[in-house]
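Right, one structure below, let's go through it.
Naming follows writing order (A, B and C), and every chain is counted from residue 1.
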Amino acid sequence: MITGEVVKAIGELDRLEVGLLHLFLQHTSASISLNENADPDVRQDLEMALDQICPESLPYVHTCEGPDDMPAHVKSSLVGADLTIPIRQGKLALGTWQGIYLFEHRDRGSARRIVATISGIERPA
Amino acid sequence: MITGEVVKAIGELDRLEVGLLHLFLQHTSASISLNENADPDVRQDLEMALDQICPESLPYVHTCEGPDDMPAHVKSSLVGADLTIPIRQGKLALGTWQGIYLFEHRDRGSARRIVATISGIERPA
Amino acid sequence: MITGEVVKAIGELDRLEVGLLHLFLQHTSASISLNENADPDVRQDLEMALDQICPESLPYVHTCEGPDDMPAHVKSSLVGADLTIPIRQGKLALGTWQGIYLFEHRDRGSARRIVATISGIERPA
């Protein structure tokens, strides 16, 4: 869950009355998404379910980077690498239970880079 | 299918020459997407297919909210909770067969909240 | 992979310092996504994996347009028909390995239409 990190990194967030935050993950074997921010079991279950939906046992051709690489690419396209979240009165307009997830789909992930872009109308001074 | 409701709720739509409508569902067990707007069987088939892809029978740990809860979270990340649609000459630039779907992934869904944000250039008066 | 075609078609791209490119596919049996731009085997493996995840053998009701039609609709909602990519200093801010994919989910696809919208701040002259 990276909600806190994202909010911290976007200094201009609290200056916007109405706007949008766009997050873009520059990788093809990870993904970003929204999901339940409360119970840590959800994170584990999501990973298990994605492994079941998209197993390593499929007859992949592109296997040179290991058995977890191609499933990671498939999950990346299924979950997606970009996300847009509305901004209202200086805050992300997330639902009560929503948090921003960075899904690492490789067994051994490395550092991941997200490009953030905000747009909108400034709050009255 | 919520295309009509969305268009009705966004009063400023017809004032924009070129723009974007962003829809954001504030929930983690439902999702929004585009799909075929004609045959009602498609809606039923989509639900059946998502149930097959992401069955309740997986060995989930987070089961305290019922057997349909965790599959709903997985489907939510697979289909997604945000959607951006172009606006052209005061109208959503949807393809002929495209309609906006709100997927309810719980067996007993409650009211769902969507945050809409539009941006763009006004039409000449 | 349509990265080159997209960049070529968007003439104003190099005029933006910071911005967003929104791509919107006006179809319900194809999708757009980002994935690995190097090895052509990845493209083939993605198609194979989507066929396994969402097989034609499911008990669909909407079969009037052929056995590949309903799976195409499901894949379209799973992968998605819209995509937003950041623009930085006149270029798409894609990761090193990211390319824009147009997934054709029908066995015999026809021409597909994408609506592109850009927004942002112009580069200093």
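Keep this in mind: a contact is a pair of C-beta atoms (placed from the backbone, for glycine too) under 8 Å apart; a residue touches a chain by one contact, two chains touch by 3 or more.
Worth saying up front: this structure is predicted, and the values here are computed from it rather than measured.
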Copy pair chain B, chain C: interface residue numbering same or different (half cut): different
Once the Cα atoms of chain A and chain C are superposed, what angle does the rotation have, between 0 and 180 degrees and to the nearest 5? 120
Rounded to a whole Å, what is the gap between the Cα centroids of chain B and chain C? 18
Contacts with two or more other chains, residues of chain C listed in rising order: 53, 78, 80, 84, 119
Could you list, by residue number, the parts of chain A that touch chain B in their complex? 18-20, 33-36, 39, 41-42, 44-46, 48-50, 52-53, 78-80, 83-86, 88, 93-98, 101, 103, 119
Which stretch or stretches of chain B touch chain A in the complex? 22, 24-28, 53-54, 58-62, 64, 70-71, 73-74, 76-78, 80-82, 84, 113, 115, 117, 119
